[in-house]
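Letters A, B, C and D name the chains as they come in the text, with residue numbers starting at 1 for each one.
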């Protein structure tokens, strides 16, 4: 079988590095190029020394991309930068999985409001498919451009999707209290990810106005057919990777634990990466893997539903889900190359 | 000035150790005895080696306590054990600050339901004063027995008290999402505090039935004059000490950020250990100190109030607050000996 | 191709868990049984919940092993226990890789001195092959019983082997200053691996008498043909996995950096899991993988050689090396199933 | 008693912050000014938010210093910058404790070689007193300018001083293997102190050429009266604060553990901040305090001495020792204001 040719645009960040980690063992693709503008000409393993003797190819400039015959590119770029290339590549022959936030919202108006920036390619927003395979599998299979979801939205939406579709819960407010590892803040050195500011520490951030709020709310609106109101609060954990999201919603009518369990088991019966957990899941239970672990419970005393959703933000929350989307776009089994077992401890 | 004579009952745990750390520099008291049943005869610094050359007194048995002329004892014992000694000591001349959960709830019935144990001394429950000095200062000054609050309840109640008293918010549900350092689980080695289960990890626990739920709810009922419904979810942070509690409540009528700020500033105008923070507080901002840092905000988009409350669980959440209570019981300035500045980083 | 049938004896520890993580994706073997005496009848995923939906087979007792037709068993048991089973199994048809310390030393006398215990099966010591494939590949291929090396010895011996064989350095003293993650202390909860005793902390332990001292010294004696004197000091790092060993030796004659580099490159030319690193390696550079990363340098000012050796103690220091040995014992490529890329960060 | 007036030059780093933490509770001094060039006009608590309501004074420029009548200034500045101000202030009436490396070496030639920079004020080097009170108390009392030692040198020199003075050990090589917390790298965000590069990780750095090598060697030369040869290797621990140094030296003649112990007890009989530890010390045993904990042992098998030395790099390794020096310069008890008990856990 001829291997599909892949380009990774943006080598220096965590998502680029994770894409290489996953794709090096993927049986159906090969990494044809990796780009970096800031470190063109260096080896990939100069940027990420732990790849020495594993992936030593030279980084090229994105401007050299036309010399390659690619099947798909992953854009591992910052938002605001990514949309320029999606626009430029719109009639190139390769498919695109964009890992930035540029094509995840449902309108350029929302984009401007929450990202404080004009969108340069509103048509792209219309055509982009939101890449959660558990929800939008059929569309992803046909997509030319997939907007790979944000890490927080992946954890929150997978946790809430069965309830939204079933219309069994109040949708105002939906309390989403998320806790994320530091890699979510990116690889650039800054006070927020300085060791001594994070270690043995914990804090909230982005209160009331984090951009993932609207990304979550857009999709919940779509799934529920209602106008939802999401109260989303992210917090910064002293861990490298992983997100745990605790969700509080009130049932509309009468509910019990058994009915709740059935809804989730039915909804995710065919989802190989969603595990409905017997025990309360922890972040390390999924570390390095593409799983989303869910624990669902009903508190009869308070009449509230509590959902706990756990992912590795760099895998199911980014590069792993991107490969899962790629698999679907190539008509491969969505699990191909994603037999990554959790590394714990 | 004659120094007050203090007994510390229970040397091996973290609260015992923190009491010694604080009291060694307290100008008005001396530590007359420290007890341990499991390590009687050893030095305190054999149990906690970092106290070598600082506190090397021999540990005695609690049965030897009658040979001492004490002004106050701190009970740093597990719940279920503590109540036996409070009962035994009820007509002894010394005052008692009990750091266990045995005298915090408002009835023996509640105790039985949430602690799965009969209470041996229900009269003690009636006489015990709940020891949050910012709320019950006058009663504490007169108290013979103070029930030192739980760590989670301290953070949650101080965060909510101004709203409860002002009757401006809905009281069902009150969402309290707490994240605690590991020392909250005690010093005994067990899987829950095994390094490799905690490090680089995060999880929820005690979902729906943690004992601090009822402790919080009892006090919120009392402060608001209403029947409140608390949804409390604790999580385990990979940090040694510290609690951050995120609270979500909906206002009853019209509210704005300014009015909200005024309520808190007025309520805590005379509270030296409550800091109303300009920035979002983090756990290390209070580490080692007796501060409770609060950040209050109103989200006009969702019409929700979000309160963030941060304490060191071993200080304001246990031994520091115990000393603050002791100061009041001795008619000292409540700040005496508590000039502990945060150790950060 | 028929898959080889594997038994894992001892499911509850970290080495057992890592064996499953590696073998689940190994193309040439299947896990026929996993034993545990303390948790017989439970699922493997009850003991290690992160394996839910991955490895849910029931744990059996080791006494049921005779009902199976096995090709090889891994003994993931404590020392002192393991030798009983090696003795019992000595004429069973399957091969054995023993991960304990019971068959690593060169004599029962040494065993008694350093393990304070009589050895029950001295003939086993004679027949066991010390399982570092980079050094003893040919013997391992023929072995019935492989003594899988200790984690510290693996890092120290791989770091020193080229110098020992070349006879270019003084052998008294050889200073080996090692720093290990917590999983080296095992999975049992005890003060040494209590979170609050380890987190944000660091200390030495086992000063002067750690059992790995003699294991290292035995092999260095053998490689150098001299009597070496090893000063080995382990320290406990606040990390889950990983060992970094810093080694100081003095050259015998004239040396320079280039000559030193050549010795190492020649020695490890055919070793797929030894990486001679351009940069100073860190623990996370090998996390989850079977690599041993070496950095070799010569200080002309002091006339000393400094070697830094890094492994994942659970992989190259235990279960990964065990699988590498298994591959050789089955005449497979030693890399089979070990394409585990480092998980970093 | 009139309080001494203190200036802190350089507010933004960890040593400036720790000076404030210590001096706020010091009974004999007051902080008259704190300077910062990058954040002039902001409050100290804007730079270090955990000081809100504790130290809110405005930061001024160092150029305003002449308007103040100061008794002593602490220079908490980078090396290379500090020497300019020491030169400028050389006939100002206040005393100076310089926390940089600019005046620690014994000559401008050494400075140039190890710091790759010309020294602008070689006379200062001659007059500066190396500020380890346990060794140079009398000189410090008379000093106008104290060069506050580096963190690694403090731990290494205190560990070796009794052996150097007693001339009982070989001085080539002296192996000093140090492990430091991240705050040693300063407060500026850069890859070396990025959370994900440090957390759950460990590595060596500065191999063979770290500047503290020569600082240690200069003092050991002076103490021993010989030419010593120091092999110093620093490593980066995933902890905020603390240094543990493991030292290996060979005795010259016959030695035993008892004799070794006596040497240290005699040498440090009057040193309130040096604790000769019964147990192996850990970093948290001294966290937040001014202690240097030493553990000394002799290995009869190998004929080697192993010394373990532990300090908090920000306290005994920087700001605490600076205050101890200040106390001596003011003819105060050296312990004044340094009753900082270890914060553990």
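Definition applied: a residue touches a chain if its C-beta (ideal position, glycine included) is under 8 Å from a C-beta of that chain, and two chains touch if they have at least 3 such contacts.
Just so we're clear, the structure is a prediction, and the values are computed from it rather than from any experiment.
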Relative to chain D, chain with the most remote C-alpha centre: A
More Cb-Cb contact pairs, comparing C-D against A-C, go to C-D
Report, in whole Å, the distance between the mean C-alpha point of chain C and the mean C-alpha point of chain D. 39
How big is the gap, in whole Å, between where the Cα atoms of chain A centre and where those of chain C centre? 36
Residues of chain D touching at least two other chains: 14, 183, 196-197, 199-200, 238-240, 281, 284, 287, 345
Chain B contacts chain A in the complex at 172-173, 175, 177, 179, 196-197, 199-205, 207-208, 229-231, 233, 235, 237-240, 242, 244, 246, 248, 250, 280-284, 287, 297, 299, 301-302, 304, 306, 308, 345
Can you name the residues of chain A that touch chain D in the complex? 14, 182-183, 187, 189-191, 193-200, 238-240
Note: in the complex, chain B contacts chain D through residues 14, 17, 21, 24-25, 48-54, 183, 199-200, 240-241, 275, 277-279, 281, 284-288, 339, 341-345
